[in-house]
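A, B, C and D are the chain letters, set down in written order, and residue numbers restart from 1 in every chain.
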Amino acid sequence: MSSSEPAVDDVLDTPFFLRWLIAAAGSVDREAARLTDLDSAIGDADHGTNMQRGFAAVAEALEKEPPGSPGAALVLAGRQLISKVGGASGPLYGTLLRRAGKALGDAEQVTPRQLADALRAGVDAVAQLGGATPGDKTMLDALLPAVEALGAGAGSFPAAAEAAEKGALATVPMQARKGRASYLGERSVGHQDPGATSSALIIAALAEAAR
Amino acid sequence: MKMLINVPETVVADALRGLAASHPELIVDVENRVIVRRDAPVEGKVALVSGGGSGHEPLHGGFVGRGMLDAACPGEVFTSPVPDQMVRAAAAVDSGKGVLFVVKNYTGDVLNFDMAAELAEDEGIQVAKVLVSDDVAVDDSLYTAGRRGTGATLFVEKIAGAAAEEGAPLERVESIARRVNDLSSSFGVALSACSTPAKGGPTFDLPAGELELGVGIHGEPGRERRAMMTSREIADYAVDVVVADLRPDSPVLLLVNGAGATPQLELYGFAAEVHRALGERQVAVARTLVGNYVTSLDMAGASITLCQVDEDLLRLWDAPVRTVGLRWGD
Amino acid sequence: MKMLINVPETVVADALRGLAASHPELIVDVENRVIVRRDAPVEGKVALVSGGGSGHEPLHGGFVGRGMLDAACPGEVFTSPVPDQMVRAAAAVDSGKGVLFVVKNYTGDVLNFDMAAELAEDEGIQVAKVLVSDDVAVDDSLYTAGRRGTGATLFVEKIAGAAAEEGAPLERVESIARRVNDLSSSFGVALSACSTPAKGGPTFDLPAGELELGVGIHGEPGRERRAMMTSREIADYAVDVVVADLRPDSPVLLLVNGAGATPQLELYGFAAEVHRALGERQVAVARTLVGNYVTSLDMAGASITLCQVDEDLLRLWDAPVRTVGLRWGD
Amino acid sequence: MSSSEPAVDDVLDTPFFLRWLIAAAGSVDREAARLTDLDSAIGDADHGTNMQRGFAAVAEALEKEPPGSPGAALVLAGRQLISKVGGASGPLYGTLLRRAGKALGDAEQVTPRQLADALRAGVDAVAQLGGATPGDKTMLDALLPAVEALGAGAGSFPAAAEAAEKGALATVPMQARKGRASYLGERSVGHQDPGATSSALIIAALAEAAR
């Protein structure tokens, strides 16, 4: 078993969570133009800058007030996203991380299974807040398969990343039913959802952090 | 795409500095991005707070002042503001009589204002919300995020603001705001795409000879594209759609709104055609407002908004207002 | 070039129809192209009449009303009006106290207003004229038609209009108008050319990465072209030029004027830089006005105008004004 | 001597003047885009539409209230231009024709010499009204050589047309000192003056009317 495929009983400590969030910030920053271009096709051309601004704030906050536990790291990151992003993605991603962080409590180390469960709780909160269901062409279409893969695969990050990536690609033929892209009706078909794309980046960063 | 800016990252802060320097009658918190009328909180008055993405100026910051908003929260360009701004604004203007959040119906705005309402209530501020959703170009069905908030925002902010200024309690201000929204419909067209500073170019491609019918105020693509139409044809199309939706049986307020880059000369010519088209459909116009009020950066195009009014709403519309963007009465 | 028009030939008439339909407080003679305030002639008051080519709206028709102009004569796009319009306007607003023609300094405007003055005097109307010539981009020498009239027109019309409203006699209204012009300087830049309906496309070529420094309000080429500059750099350049010309030693009125297609968000950011630049040069700003007031159709760009004021001029500036384009006081 | 080169004692009647003005209206209409383009380079892109609008009004007025004499025709045309054109060219061309018309009085027929003298008076009035002198890159640079040729050549219209055309071409290297083009300073050099160009069209129409 390679180090990027943690076993159920591997433990994930606070530095792992910091590595994850920093890796997510890095890939969001690198891919910002692509996210904005995707949003330009079916939205308002700001998803890249939104994510960039939000995760830059996350990275800065983690540096400034280093969190003492995995849960605290996610709650802090979530709060930053809510305070700095705006738009639809700010509250949604903020809620995802905050809720997941709260689910982890203040344990100093967590298992991949606990992380999978916490992310599941976070994704459920996103679904409740935004009212979207799978197939609506939103970030959920990448997040849900990812947390399912994570749960089923006993915490396999590459499997989760692959599921998220596939989920994001699968939004291409969908017609949007939530968010700004829904205004386009059928004209939203044929474009990949920007939020699902950024979700895939964030999930992929898990595997990066584990390496 | 050339822009009169320094760098894209500071566009909103720069504009707020300019607002602060130019209008001493406003309190502009540049760092926290909140614009507040100088005499807030006004004793005994319900406060109105609105906000949304930047790029639609004078909406909302230009509508802060007596008879309209007590505070506005500008977000990044075309991005809804964050809850922190709204909570800060609510705290700054609440006189104890409660705060009405005027929220344009976009997922981002709705989610952020919802979170802000919860947080503000935690701080003991009574909060009511009204969603503005007047854009008939969008199907209002289970399969969309619902109608977008566009030109009617101005009507809601002006009329509910006048009610608040008169001393109406929160419930009534809220119900008037909701009523104005229910009685309003809008439709917009784009002759060119807008360019956001971050993207540095047009947010969508509009071929040379075509126009976009039903465009959104963030450049969201509309119902359809057609070969370029005359002012007269566009007026007939837009008036048909809006009147079919609203079916007004009493006089209306008419907003002929410029998207930002359409010359006033053209806008007034379009206003003439809209008046003609309304007359031909037996719709009486009580008041008309023509200008760039709910803009989309440098988009060329226009929208119309009708709001059916009774005597009470008309009186509130005519009531004095003293803001940067809208000003009349004493 | 797409425009929100019917055909180029009717653009001015269409806009006047729209003005008439939208603003019942104005008398708009569409056929003869004269816009008159409804209560004219005002007993015992000197009347102000201005006019010029269309395409600069709200100038001048948007400045007709109490405290500013009594009548305006819109010409074809970028073409001065004809004497017939001016004579008709003068006759409609003269209360017997005389009429002041406010004329932007362009050969066409000067010649046509001169002819009109002669004709009006033949009809027994006392006429005085003031030439507005504030654009420092143009050399004021024997070898040019002299400085162009641009943003200062608004200051002249507002301040002289307030003096007339106070009951000042023609001589004093004229001398105040002249004083305001003498105390004003302007400078403008274009980020894009404007397109006239008749030409159907840009009236000059401005390469993608360049801006035009010292552009005129009809898209007249300016002093020089440069590689695109930041808002901060443009403000420093424009403020330097204007301050060197005016050398103000008391507070100024500041107009930060949009050319037509520059978003308000950008214009306020530019206003911030202009305020900074003025502060760095020890120029105090008494009042600021930011917006599209003296436009050039769909040109992107901006201009600044300074007017050095004493207490008397500032009082007249602050006096109530009630027009479509400018409105404050009671 | 061909019919287009009238002798000093040829007489020009009212129909000749109507033909002249209609011919001028026609060529101004045909060349409107070129005039506007020239004006676009060093002015405000309206000279073509200005002239078109003005001469259309002239043609309409001549039709509606047929003038009884050459002088009356020119006065009527001048009045129309003043009332309909605006801009710099309206008062200037209006003055040219009005003054020339007044110089002709109410004679029913005039000689080419009388026409030459009347136009000379009109051109002098233009110079006085606009304050321009030869070499300032204005309509005067076509009009003055034309009336001089007309006077010297004993009323030769082709000679006048040629002089006007040469005068218009000669404005290319000039730096404008009057009108809107003067704002450009040295940048006005290298462009032909729109007003001088329309003047050449109007003078050329004389020969057309004589044919």
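In this text, a residue touches a chain if its C-beta (ideal position, glycine included) is under 8 Å from a C-beta of that chain, and two chains touch if they have at least 3 such contacts.
Chain identities (UniProt): B, C = Dihydroxyacetone kinase-like protein.
Computed from a predicted structure; not experimentally measured.
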Any chain touching chain A and chain D at once appears in the list none
Compared with chain C, which chain's mean CA position is the farthest off? A
For chain C and chain D, what's the span in angstrom between their mean Cα positions? 32
Where the centres are mean C-alpha positions, what is the separation of chain B from chain D, in Å? 54
How many angstrom lie between the CA centroids of chain B and chain C, rounded to a whole number? 29
Expected list for chain B, residues touching two or more other chains, is 77
Where chain A touches two or more other chains, by residue: none
Using the contact definition from the top, classify how the chains connect: line, ring, star, complete or other. line
Touching pairs of chains in this structure are A-B, B-C, C-D
Taking the touch rule as given, give the residues of chain D at its contact with chain C in the complex, in rising order. 36, 40-46, 48-50, 53, 82-92, 129-130, 175, 177-180, 182-185, 187
Residue ranges of chain B in contact with chain C within the complex: 2-7, 10-12, 14-23, 54-55, 57-58, 62, 77, 191-192, 208-209, 211, 228, 230-232, 234, 256, 260-273, 275, 285, 288-290, 292, 295, 297-298, 300-302, 327-328, 330
Given the complex with chain D, which residues does chain C contribute to the contact? 8, 53, 75-84, 106-108, 111-112, 114-115, 137-139, 142-145, 148, 196, 198-199, 203-204, 216, 218-221
